[in-house]
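As structure tokens, the structure follows; a few thoughts come after it.
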Amino acid sequence: MQQVLMTGAAGGIGTLLRPILPRLKVRMRLSDLADAIPQAEPGEDWMPGDLTNPADAARLVAGCDAILHFGGISTENRADLIHEVNVKGTYTLYEAARKAGVRRILFASSNHVIGFHPRETRLDADSEIRPDSMYGVSKAYGEALARYYWHKFGIESLILRIGSCFPQPKDRRMMATWMSKEDMLRLIGAMLFAPRLGCPVVYGVSNNRESWWDNSKTAYLGWVPQDSSEMFATKFADYVPNDPNDPAILYQGGNFAKAGHFED
Amino acid sequence: MQQVLMTGAAGGIGTLLRPILPRLKVRMRLSDLADAIPQAEPGEDWMPGDLTNPADAARLVAGCDAILHFGGISTENRADLIHEVNVKGTYTLYEAARKAGVRRILFASSNHVIGFHPRETRLDADSEIRPDSMYGVSKAYGEALARYYWHKFGIESLILRIGSCFPQPKDRRMMATWMSKEDMLRLIGAMLFAPRLGCPVVYGVSNNRESWWDNSKTAYLGWVPQDSSEMFATKFADYVPNDPNDPAILYQGGNFAKAGHFED
Amino acid sequence: MQQVLMTGAAGGIGTLLRPILPRLKVRMRLSDLADAIPQAEPGEDWMPGDLTNPADAARLVAGCDAILHFGGISTENRADLIHEVNVKGTYTLYEAARKAGVRRILFASSNHVIGFHPRETRLDADSEIRPDSMYGVSKAYGEALARYYWHKFGIESLILRIGSCFPQPKDRRMMATWMSKEDMLRLIGAMLFAPRLGCPVVYGVSNNRESWWDNSKTAYLGWVPQDSSEMFATKFADYVPNDPNDPAILYQGGNFAKAGHFED
Amino acid sequence: MQQVLMTGAAGGIGTLLRPILPRLKVRMRLSDLADAIPQAEPGEDWMPGDLTNPADAARLVAGCDAILHFGGISTENRADLIHEVNVKGTYTLYEAARKAGVRRILFASSNHVIGFHPRETRLDADSEIRPDSMYGVSKAYGEALARYYWHKFGIESLILRIGSCFPQPKDRRMMATWMSKEDMLRLIGAMLFAPRLGCPVVYGVSNNRESWWDNSKTAYLGWVPQDSSEMFATKFADYVPNDPNDPAILYQGGNFAKAGHFED
Amino acid sequence: MQQVLMTGAAGGIGTLLRPILPRLKVRMRLSDLADAIPQAEPGEDWMPGDLTNPADAARLVAGCDAILHFGGISTENRADLIHEVNVKGTYTLYEAARKAGVRRILFASSNHVIGFHPRETRLDADSEIRPDSMYGVSKAYGEALARYYWHKFGIESLILRIGSCFPQPKDRRMMATWMSKEDMLRLIGAMLFAPRLGCPVVYGVSNNRESWWDNSKTAYLGWVPQDSSEMFATKFADYVPNDPNDPAILYQGGNFAKAGHFED
Amino acid sequence: MQQVLMTGAAGGIGTLLRPILPRLKVRMRLSDLADAIPQAEPGEDWMPGDLTNPADAARLVAGCDAILHFGGISTENRADLIHEVNVKGTYTLYEAARKAGVRRILFASSNHVIGFHPRETRLDADSEIRPDSMYGVSKAYGEALARYYWHKFGIESLILRIGSCFPQPKDRRMMATWMSKEDMLRLIGAMLFAPRLGCPVVYGVSNNRESWWDNSKTAYLGWVPQDSSEMFATKFADYVPNDPNDPAILYQGGNFAKAGHFED
């Protein structure tokens, strides 16, 4: 593992991770759409590109041993845009990776793939797909695509159902779903250097007290999150009466489950 | 259940079903692309339309109580065509159904959604998605989409993972995967008239001796297949030595699992 | 197995079974409250008694090898009556049986013990208790009591969650829940003559096409129902549009799940 | 959550908890039978009442947001007393809560609901009910009742199968079953302030090394016990030869499983 | 599949099968110890040999496409004999098969591999090994050996846990465990001609009403037993009172579970 | 627990454990083949013996309360030697223990009993036996034997599937499989002093980050490993590119799964 590509590097998670990526001790190629790329920090290697363009995708993946694929639309949006970027774009990236001989990919999926499970249902890697949004549907497509490239071509993918990777929890729900950037970096390290990755589903979440997701089936990766949302508990200590059957409270997807159709 | 739309009615399964559809005692609107529509039989009601076109979709679903959605590309093909027809087209149909107030849909998925499971693994509605083709990936998208419309909008879908719905089995593998047209019609009847459908996954297969798929979780539908491939057993009685680790023998998807990428 | 007691013999199921009980070739003692007992048919042996009265219970069970306990309140009712009859009465019977050395009991429980499961959830002997009524709660008490007498005192009970044991299905829901009197008799025979009964949970239902309940875990009993509600299918063939989220449609308990509190 | 009722507050667990209840920062109404109520400590609010009396129950629950229901008979006893207090009394309390609009209840169940499982069987929320006593049977009734009020009326209950909540373990078995008062208080806090409680089964036990019960399915509550019986390990370090098939050693219920019928 | 070896062909099952083996339409080489071989019937091909002798084993398997390995000690016996014949002999046969390139073996295991499960526990291919005898322990060795040769060398084995393969049931227990010779032949046919066998565990039992074993996981083989012990039901119709906790009644192994150590 | 026998005490694990055995505070009889026994340390009690010799076995177990059975061949070897020592020898020891009334045995099994499971399959006590060597097959025999003596004679065994019990991990794979001698000693203590042991399967592994095996089903033993291979992480930090489908990387058994037959 010497050369790694990160797509969507100018997005929220990319921005959180950039300062600590050097700890991985790999050469990191950062990529995003040309007009999204920020001022490069010292030592950063940026390469612009549009993942829906096969030529761009080929250029980005050339010479890479692995890809951290965080690019794409990361919240609910118009269906046509989601289809263009998250369906066609993800396919284009995997196809470029296959042709270039890249063997290992982190696919940034989302908890919104399973957002219509009630909070009191404990999920693991085998839980039923229940998208709470067209965004979630597009991530289900990506997960299926990753499995196809694994079984057909032997390309290993870590399917990462990210909870809420922000500097800190923004609301009460994120006490359960928060993932620290440090735990994200630990997971990337585990994924890059595992002797065998396979094609596992991992929930991207820190070691929070409130917990909906069980990663024990992927303990072979050696990823043990070290952080916890508990350090932010006082922020959400006030009891807010709510309706337990409000979709935003009932379902794991929170407001995504409650929201109507984006385009209406 | 008075007015039902069948998409893809000029395709293989539609052609098999057309002569026996009147037994359902519903008004059936048959649809397909304009240039695919055959000569109408007496009593048939054909309406042409392109499901990737929202206006066409809206016209087709207008006034329907239910939809039998067999339209789309039904075998491996170029990824861009599959994305256009099976991803965008399926979304367009569901969106039209939602706007028109259609409450029940049969979504014709495929065994190629789970084609990379070994034959000796018994599958049921909760088995892991393992597409064996881009066609299978597109059906995984459709299944996720059906779940989304169920949980978000209450539109019921029967997700039907069809085995091999032909007049008779064409090869040794189809002794396990064959579904008779009569059993298909019985399933459509059960789906149309169930007091509650929900959003179940059903494997579309007759009561064959060799059996890979377990439908017991959906026994509430009352669908009990009556036919069996056994009547064709003599056609495949000669033993053909083969390599048990040949992907076409090892995996449920058969030649789909063995084939390389369509576009290569 | 020579002498068997049937409690509640003047109730609905008792009345259905009485004409065919002689096929079991055991001496049957029929019991019910004194003022409920009908004109005895030739060869019938009636003994009145109130199961909430320990002395009556002792008299009824004296000399019996087994008990078919159908006595009690069999539908929703005032909580105080249910507590008196179904809680105190069932305890009194089991206690009398223990003191008299009776080794085997059929406890007539009900599908209303699990009535709040959705229809599309397939249940078996290990499914979660979800009573849909105070009647159902009292049957959950009786099931727990039967288990206690089994593990503590070695008294074997067949816990029978009866669906709808009537001459024929009365509504669409009973197409799934109907149990013929012949299948009930077969089950009683299997229970009386099994080399070892243990303390199994069995769903009392014929071999209907629509099926919510899986009895495969108790196949060791050798009970294979032979009848099916299918013979009554034409009675309920007309499609009745309904709301799939109406509690009477959504839940297995039907109208019991929909009904409010009895006493309100 | 401003006003909370604790029933059975003069009992063993109530007495342990009273000094630390103020940490919950809610107004706590303490209740027990009139002649059991101790001298009130400063700031305590006692209200006597008999839970088998509907008028008393109504008075106790009036104005409460939640109830901690520890009242009732808490060990094996005469069946008629158990029926009166734990069956009728629990029903009376739930009915009062329903009429008063209380939305959340902690129901103090017991490990004796599952006491006839062998010690080497690991249990979780879905394990089979196997009461080891009439006391255990009455708690099975209460659990079924809580589920009924949840599914029918939306009243949330935490069903708490308490192990051994004492100042410290009293015998070797309690090294596995001990629950500290601090962990009990943490659980009450989690239960009172969870955004959604639902109707979970939780085993009330500290983080002991010897462990029979798995609470992972209810990790969504955020309750992580912090204490361990290990601090008392030296008390029980001497090896005592015993018969592994002695019911008190074989079964989780310990001496409850071994004891004969209370009334004999 | 042209040449097949049957070991132990002079034993009980071999003797039952010999007259109907020609239906398989393969050349069958029958083998047993020299002094056990009976008068050959017309068309039979007998070859004597001792499976504990590598030279004999090599001679027997030479030129064979598949082996039906019924040879060995088939009931409880002295441990040293069992080790010699069932451990060393089975290893010697598999090793000979490996060297000769035989690709498919039926290993005659026994229900006594799982004989210490209670009758009311339904078993399938994944149930825990619980031998009821040293005979059963030796069969557990053989099952492990078959798995080793499958995963290491790709030799397919059908691990057949035979119930009671006799002309008819000999006692009440065999109503559950009986396997007709016709169903055995059907299974051998399915095993010989399956496109892929793998290394499945199958319970060898007819379609009896009393059923302890679930073969649904191996339905891919297409073996559907057609006979039932029910035709012999009248032989065992008399009720024989027994102790449900007698090991011969409690456990699936029957008298094997009850018997003491063979050599004592 | 006063007198305990350790067999194979001169082997690798015995040598690691000897200096810390006194912490168990039992009288320990150390045994091995006469010519393997090292110079005794002060306080050590050595007794030579060959476990394949019944007289030796009887002498060794005389007067013992428990046995730690580490004797036997501990890696792949000639099949005849493995049969002699690990099959016949283990049987001889258990038989001696039975005759002498020993009630508790630790049977040193091995991860090579399940070595042909892929690394990303999480295993527990119920996982399928998949030996990766004749050594592993012999351990499967021993596990079956231990179960037989438990169910038939009530002799409790801890079946310990040891990972890699060395002073420190020797290669990358052992980061997942390593077990410290301290954790081994803790487990022996838990096993010797448990009120009831039963016949559990435990994976012998420290609390390593990379984890393939789940011991939660045996948490009743109170064994919580305290060490972790993480302290040796820097030794294996260099990334070594490898083929994820190399049997030594793909399977849990590592090189045992890759190796051919020992005797070839």
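Going by the order they are written in, the chains are A, B, C, D, E and F; count residues from 1 in each one.
Criterion: a contact is a pair of C-beta atoms (placed from the backbone, for glycine too) under 8 Å apart; a residue touches a chain by one contact, two chains touch by 3 or more.
Since this is a predicted model, take the numbers as computed values, not measurements.
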item	value
Chain C and chain A - chains in contact with each	B, D
Shortest walk length in steps over touching chains, chain D through to chain E	2
Angle of the C-alpha superposing rotation, chain E to chain F, to the nearest 5 degrees	180
Identified repeat of the A-D interface (over half of residue pairs identical), from E-F, B-C or A-B	B-C
Chain C-chain E separation of Cα centroids, rounded to whole Å	41
Distance between chain centroids, defined by C-alpha means - chain B, chain D (Å)	51
Pairs of chains found to touch, sorted by chain label	A-B, A-D, A-F, B-C, B-E, C-D, C-E, D-F, E-F
List of chain F residues in touch with chain E within their complex	79, 83, 87-88, 91, 95, 98, 113, 116, 126, 128-134, 136-137, 140-141, 143-145, 147-148, 151-153, 257, 260-261
List of chain F residues in touch with chain D within their complex	1, 154, 156, 192-193, 195-198, 200, 216-224
Residue numbers on chain E that touch chain C, as the complex places them	118-120, 122, 172-173, 175-176, 208-212, 214, 239-240, 242, 244-245, 249-250
